[in-house]
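Read through the structure below, which is laid out as structure tokens, and then see the notes.
Each chain gets a letter, A, B, C, D, E, F, G and H, in the order it is written, and its residues are counted from 1.
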Amino acid sequence: MERSELKALLEQVRTGAISADEAVDQIGEEPLVELGYATPDLHRGIRQGVSEVIYGAGKTAAQIAGISEALLAHGQGRILITRLGQEKAEAVRGLLPEGSGFRYEETARMGIIGSAPEPDGVGVVLVLAAGTSDLYCAEEAAITAEMLGSQVKRIYDVGVAGIHRLLAHTDDIQHATAIVAVAGMEGALASVVGGLAPCPVIAVPTSVGYGASFGGVTALLSMLNSCASGVSVVNIDNGFGAGYQANLINHVGK
Amino acid sequence: MERSELKALLEQVRTGAISADEAVDQIGEEPLVELGYATPDLHRGIRQGVSEVIYGAGKTAAQIAGISEALLAHGQGRILITRLGQEKAEAVRGLLPEGSGFRYEETARMGIIGSAPEPDGVGVVLVLAAGTSDLYCAEEAAITAEMLGSQVKRIYDVGVAGIHRLLAHTDDIQHATAIVAVAGMEGALASVVGGLAPCPVIAVPTSVGYGASFGGVTALLSMLNSCASGVSVVNIDNGFGAGYQANLINHVGK
Amino acid sequence: MERSELKALLEQVRTGAISADEAVDQIGEEPLVELGYATPDLHRGIRQGVSEVIYGAGKTAAQIAGISEALLAHGQGRILITRLGQEKAEAVRGLLPEGSGFRYEETARMGIIGSAPEPDGVGVVLVLAAGTSDLYCAEEAAITAEMLGSQVKRIYDVGVAGIHRLLAHTDDIQHATAIVAVAGMEGALASVVGGLAPCPVIAVPTSVGYGASFGGVTALLSMLNSCASGVSVVNIDNGFGAGYQANLINHVGK
Amino acid sequence: MERSELKALLEQVRTGAISADEAVDQIGEEPLVELGYATPDLHRGIRQGVSEVIYGAGKTAAQIAGISEALLAHGQGRILITRLGQEKAEAVRGLLPEGSGFRYEETARMGIIGSAPEPDGVGVVLVLAAGTSDLYCAEEAAITAEMLGSQVKRIYDVGVAGIHRLLAHTDDIQHATAIVAVAGMEGALASVVGGLAPCPVIAVPTSVGYGASFGGVTALLSMLNSCASGVSVVNIDNGFGAGYQANLINHVGK
Amino acid sequence: MERSELKALLEQVRTGAISADEAVDQIGEEPLVELGYATPDLHRGIRQGVSEVIYGAGKTAAQIAGISEALLAHGQGRILITRLGQEKAEAVRGLLPEGSGFRYEETARMGIIGSAPEPDGVGVVLVLAAGTSDLYCAEEAAITAEMLGSQVKRIYDVGVAGIHRLLAHTDDIQHATAIVAVAGMEGALASVVGGLAPCPVIAVPTSVGYGASFGGVTALLSMLNSCASGVSVVNIDNGFGAGYQANLINHVGK
Amino acid sequence: MERSELKALLEQVRTGAISADEAVDQIGEEPLVELGYATPDLHRGIRQGVSEVIYGAGKTAAQIAGISEALLAHGQGRILITRLGQEKAEAVRGLLPEGSGFRYEETARMGIIGSAPEPDGVGVVLVLAAGTSDLYCAEEAAITAEMLGSQVKRIYDVGVAGIHRLLAHTDDIQHATAIVAVAGMEGALASVVGGLAPCPVIAVPTSVGYGASFGGVTALLSMLNSCASGVSVVNIDNGFGAGYQANLINHVGK
Amino acid sequence: MERSELKALLEQVRTGAISADEAVDQIGEEPLVELGYATPDLHRGIRQGVSEVIYGAGKTAAQIAGISEALLAHGQGRILITRLGQEKAEAVRGLLPEGSGFRYEETARMGIIGSAPEPDGVGVVLVLAAGTSDLYCAEEAAITAEMLGSQVKRIYDVGVAGIHRLLAHTDDIQHATAIVAVAGMEGALASVVGGLAPCPVIAVPTSVGYGASFGGVTALLSMLNSCASGVSVVNIDNGFGAGYQANLINHVGK
Amino acid sequence: MERSELKALLEQVRTGAISADEAVDQIGEEPLVELGYATPDLHRGIRQGVSEVIYGAGKTAAQIAGISEALLAHGQGRILITRLGQEKAEAVRGLLPEGSGFRYEETARMGIIGSAPEPDGVGVVLVLAAGTSDLYCAEEAAITAEMLGSQVKRIYDVGVAGIHRLLAHTDDIQHATAIVAVAGMEGALASVVGGLAPCPVIAVPTSVGYGASFGGVTALLSMLNSCASGVSVVNIDNGFGAGYQANLINHVGK
């Protein structure tokens, strides 16, 4: 409840339009749907300007479908479901009502209801991936930013071991509004891009690698210690978080 | 060298204004000052829109003063020196020429030459600190953002153990353009703020704590795993990096 | 053997009712059933006021059934088996005698013999879970506390990213006798609840999360470093331990 | 602000005793003292039933004295300052007004204003320490519990390498209301005590040890993995937290 | 080649019995069977007084059978194969010649050729296990010591959470020649036994546990930091190593 | 583009043979094949003197075949594919055109197109493996060095627990040009070899071991801390990298 | 109290020589001196056959002197104080009565009261150290074993990087009763010695090294993963523990 | 002792020039100086082609001077002492005889006796450092390679955040015989150089950085996971080891 709403409510009490008891109830009323196993937050759109996203891992298909339906019932037309395996996605599809418009993005492991809005950001979100193996994460970032209203450009397989592959895209790097840099192994892409880009860089370590890459920890640490300024980092494999953050940056002042 | 400059140069070759040999030399010429122990990058301002910052740790006072003088000599009027202990700061002050305008910010451990520019960002950078012990890092972030051209608002000692202290500032959180959330111990501030804010949140873990805080590692991990979307993270105690990133966000579209 | 029992025994020796040799044997006699592969402790109820619980992981169905039968044969009417997978549970059911009253709680992965006693605690044990994915652990805590004699209230999916979902339950938090706070990812729930609650809070980190959550380590560290007082922590996913501890607290003075 | 207070306030609006604007301000008013560097929480006593405690590490003597004075000025007669080195303690003493009653507990590294209240708990808090080197932490726990209103019994140097030293105190262990078990090295004390005690055991790992004790991490892990039920754990060297939790347990139902 | 053998050889050279070239060849000759994929060491019995043991993990059934045959062909009548899964064991059995006398110990996951020798040690090797889940490792230790010539006594499920279960066996602990203490979780058994036993204690951490037991690391660290003297430690789950070491101790002076 | 090529290009501009615009385009042109999911680097042969190697893990069979075909189409006759499981290898074989000459090395998990060149190195690359279980990694190193033009000698199962097995090969160690030392468990082979060899030693830790070998981390750390000079280390299980580096060393001055 | 003593006591009760109450008191009486800060265990000699050793770290000089005096007063003529810095040693010397016979071993950082007994072990304890920097730890092991009754032979600076230095002592290794192998860095000494020795080897990792030696962790892990059988390990820098264990082994059957 | 020497010796036995006993003694005689605290290896020059280097850390000035004198007395004219602090260096200088020619390199923390030899390697060893703070380690590498007979070129402060600073030196990178790449923080320099260089690259992580750089661990991990082939790694801050290895590579075939 916004401060302005609170004041309006209190005015109603003052004029006797509602009783104090009713006001207490309303102040206490939570904008939530209680499903038992989950409490979808219907006000997040108002509070944060972005709609609810469902984290698919650790939820059953029935729970995901149930939450989706509750959100659809309350008028939310666009839903993202992240970390959704193919098999569970098919189960969710089967549980949703006909015509839900559910579709599945395999590389990004995302379920989507609704289409992407017209891009209305400041400029372009650039998604860079170091290697072919990092695409699952780069696509998660790219699709997230698109679904939230950004124009996205993808440039993949531009790791620093062949630095000229990256330098060939200096123009795109110089003119992006926000950059998502996705890399596994030693994650050096973030530092080189951070040194070339005049815009914020969101680095995403991936779990690609073996041995002392420790499932992405090396890339994570490398990115956190980037010698370039202007680089911040999200969790390992968190393409969603990076795309979300990049989209927020791309809407600054909007 | 920008692509436009390269083309102009080639035109000069075509018209015979300069020889091919001269052009090769110019293309190869690096916009760097070679000091032996360091290679200050005079083109960073052009390339990234922000001036050179000197990382003070691990450099001698003589090296810091030397780099500063080289930068001043090439016309850079505003210099930040981070991670500068008080004693070394005094030594730097003594080595710089009279009237250099060097000043020292003790809490933030920063040396500064030149004054902050007029703020010209989109809105306000909000710097939140969980506890009194986190101020050294929060101030580093705040001063960095100010020196780079942002208006900054500071709210300190609003850790989540007394959640109402934080909720009292919901308005500021709702209206910031970028938020820097500084916290040690378990770093939970980032998640709560991330859930309240509609703008990007840059989380800074501090090394405040003891025992299993592992010098900031717990806060770092906690922030990377934030259940709130829109949170990205920088290195432990990296207030500078957070302030730098927040300022970039605050200048999107500018 | 209690000190009073020892004294009584010695009196019997003094009066010649039993010989010294017999006394030595009795003093040495252990209140244990020797099964070869296990040594169930029949006196734990006397010594600690709570009946034996069987840790199901790493035991075969035959061993679990064997221990259960030994306990039933010695008059213990209520048995908890934790960390019991569904398949093994069915095997245990098949090995137990008809009418053992064995039932299986799927979400909590617990096997249960006997029904919950009438709650006789001081007040209410409140079990809070941050997300839908944490339910397996929260239910283990809740059922444990119920089976040991506590009234339990469950509130689920109240993670701090939507802080108002939690604040809507401030009354329950203020009036609980003990709180179990279950969360994965960054585990910030414990700190916020710890700041709101006047009673002891037992925090349970879950292995929910990915990447740098390290199977619950981040939540564990976060909870151990809680900036709120009055929070103690149990092992990752140890809902049983938290429920056990909360029930003990709920019976203080009883 | 409690729900009952909110309702009373709203009644005042209804009767016109105060305006809606005033009510909004009161609802928003935080029960905090704004000191710039800190925001002491004056309502914690009301909210959690325990007064504010000052975490001394990372604060200057001036900040500690300032916060103390603010608390004294608002009527709080009893203040604990933890993690306070001797030198800083003397500086705090010098900055506080005459007659503040400040005293310093050297072993526990605590500053104290005011005397301990009459014990009003359910029973006795038992503080056990494994070795002579663990006393700094055990005393922090014991004094904290005493200052918060518990009767405390101390038994020190009863590590498990000489198990009979511990077993000699079985009576005390059987009859305590809450036990704080303090140990470094391998921290096995918690498991043995956990198996003997019918009450909640709060285990405190200390940083005592060398080599692979990793500053208390081994004891911490050991305690978290205790094979005994009814043991929960606080951060390494967090005697304060354990004493605080034990005192809460000792006041259940009060 | 022993020093005495070298001297004899040189005498033969001096007397012309063999040429210098032949001597060089003999000195260089290695007492090994070259199988290509492996180099069984036929002199280990001479050098270390114990026969070759085959580490089964990471070897194919064909390789294990091949090495076994080579050893049998060179007169070694007793072979231990550790870390041998049931399926691979059956394959090995099929590849060995009829009448090899191969048998499989399922709990200990060991393949054995030949029968245990008459015990000829100083006394008894005592193998203690904390829980039912630790038996796989305890049995590996016990069988190893038996196969190498020790009398072994097993006492299982005597973890410290029920300390009286362990104390009931104080006599055995007091009179053993060497003790193997096997435990997972927090591994406290080693410290308590170390404090009771007058003989060397070899502690074996097992991978039994969950969460912060980290696959046996907690037990390992706990045992390394044992506050009791006279405890040394082997790798996680290395029952073989502990049994081997205990048997060596049991043959001191023999 | 080499500096000499750049100068030639500029001369063409000067003489009007090409326009400035065309020159800009050529300077910017990257010697890459854009496949969408990958960007094979056709100039690596020129830049580094070695042909492209395909890292097979994390790529689909279709991607691997596609990259291979692109390389073959651009005239590269010899291709290595590392970390290629058997099943995927068969799929790749099926996707490649008839007569591609693809073959699969099972132990080394490598796919190979083309035959090894005539060895043209300075001397011999010696590949040592500590145990039978390390062969997968040793073979990867050996085949890599052979395919890149080195003569390779293999000596396997010469771990330090039977030091005479290793010392029997002192001659080979003394006369190698480069040595690859492959070992798991405690990785001590590298130190002993490093003390015997007058040439560079590349140590490869393998993931062979259990418990506190942590998947090769112990061997890695051990090798990095080798008390012998002249030892450098590659990632866990990175036989390819070691063979590659050894081959480079074997071609110094060539 | 031994079982035989218990029986004798009970006989006295039976005959009326003492009352039941007196017997209860005697059974409960602990063989401990209560010093407040410590509880020296006077029966350890009886129970474990070795006298009390004082762990000097974390104890004040006054506490060490107090415990020493208590032990001397109860007739213990030989006391070891480990981890005793030079300065604290002088303070202890000053606090002990004249003629206490206290002496200080600087390299081993040990305080000693009383002289070493006549060696009465089975054979010789061999102490090997890899480098000059490891002497502090090797000496602690050697002196401990000597003070407890073993003949000790020291061989230092025989690290594996110069393997012939170690092989020169093969005879000593072959004929020792127990070996203590002390090494830092990669700790490979333990594995090579373990492969050469027919007796138990106690490995002691030292904190000697830098970078990725992690204060001894690398050596510790290396030793735990030794590919040689018959090696067990103690804590980093725990020369005392190794010497203690080696002495126990050297007295097997005595 | 080489194989050829052994044969010659045996011939002498055969001809009666020496007795078998004398031969045994000679074969057994170690080419070592026994100093008690150290065993300098006088044959390393013969065995490995490089003279003894003294690791200065953990040795006293007296020990260092003693070993140096022993080496000088046996004719070694060139000695390197690594990890030698300034104060200890002065003490060593004072202990050495007049005219020893000892000099101290402050940045590299090395003591040196004798002058560098004429470079006789294949080409040039290139030493690259990422930042000014890494010079201590880069200089250690450079001086080591020079003292062992290599021509060295240094290029410093060429970190990847300003990639053009590094690319300006592409020629040197293309034409080096071996490259030492020194970097702290995220260590990305190694990957970029590894992608540009046709020669072996030895990467040295430095302990430069803060927070999650963990004293060089991040740079170490990053370098081990380099996506470029041809990169191997030495321990953190081990400039000596890298210079040693680079020099070996630079002498391949010599």
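As a working rule, a contact is a pair of C-beta atoms (placed from the backbone, for glycine too) under 8 Å apart; a residue touches a chain by one contact, two chains touch by 3 or more.
Quick caveat: nothing in here was measured; it's all calculated off a predicted structure.
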Any chain in contact with chain D as well as chain G: C, E
Identified repeat of the E-F interface (over half of residue pairs identical), from D-G, A-B or E-G: D-G
Whole-Å separation of chain centres (CA-atom averages), chain B against chain G: 54
Distance from the mean Cα position of chain C to that of chain B, given in whole angstrom: 50
Centre-of-Cα separation between chain H and chain E, whole angstrom: 40
Cα-centroid distance, chain C relative to chain D, in whole angstrom: 26
Touching two or more other chains - residues of chain A: 3, 28, 131, 162, 195-196, 211-213, 217, 220, 224-225, 229, 235
Contacting chain pairs - touch in the sense defined above: A-B, A-C, A-D, A-F, A-H, B-C, B-D, B-F, B-H, C-D, C-E, C-G, D-E, D-G, E-F, E-G, E-H, F-G, F-H, G-H
Residues of chain D touching chain E in the complex: 130-131, 159-163, 167, 185-188, 190-192, 194-196, 209, 211-214, 217-219, 221-229
Residues of chain A touching chain B in the complex: 3, 47-50, 53, 122-123, 171, 174, 177-178, 195-200, 202, 220, 224-225, 229-235, 240-242, 244-245, 248-250, 252-253
Complex contact set, residues of chain E against chain H: 3, 6-7, 10-11, 13-14, 16, 19-21, 23-24, 27-28
Chain F to chain E touching residues, read off their complex: 131-133, 135, 156-158, 162, 164-165, 168, 208, 210-213
Complex interface listing, chain D residues touching chain B: 28, 30-32, 36-39, 41, 43-44, 55, 57-59, 63, 83, 205, 207, 215-217, 220, 235-238
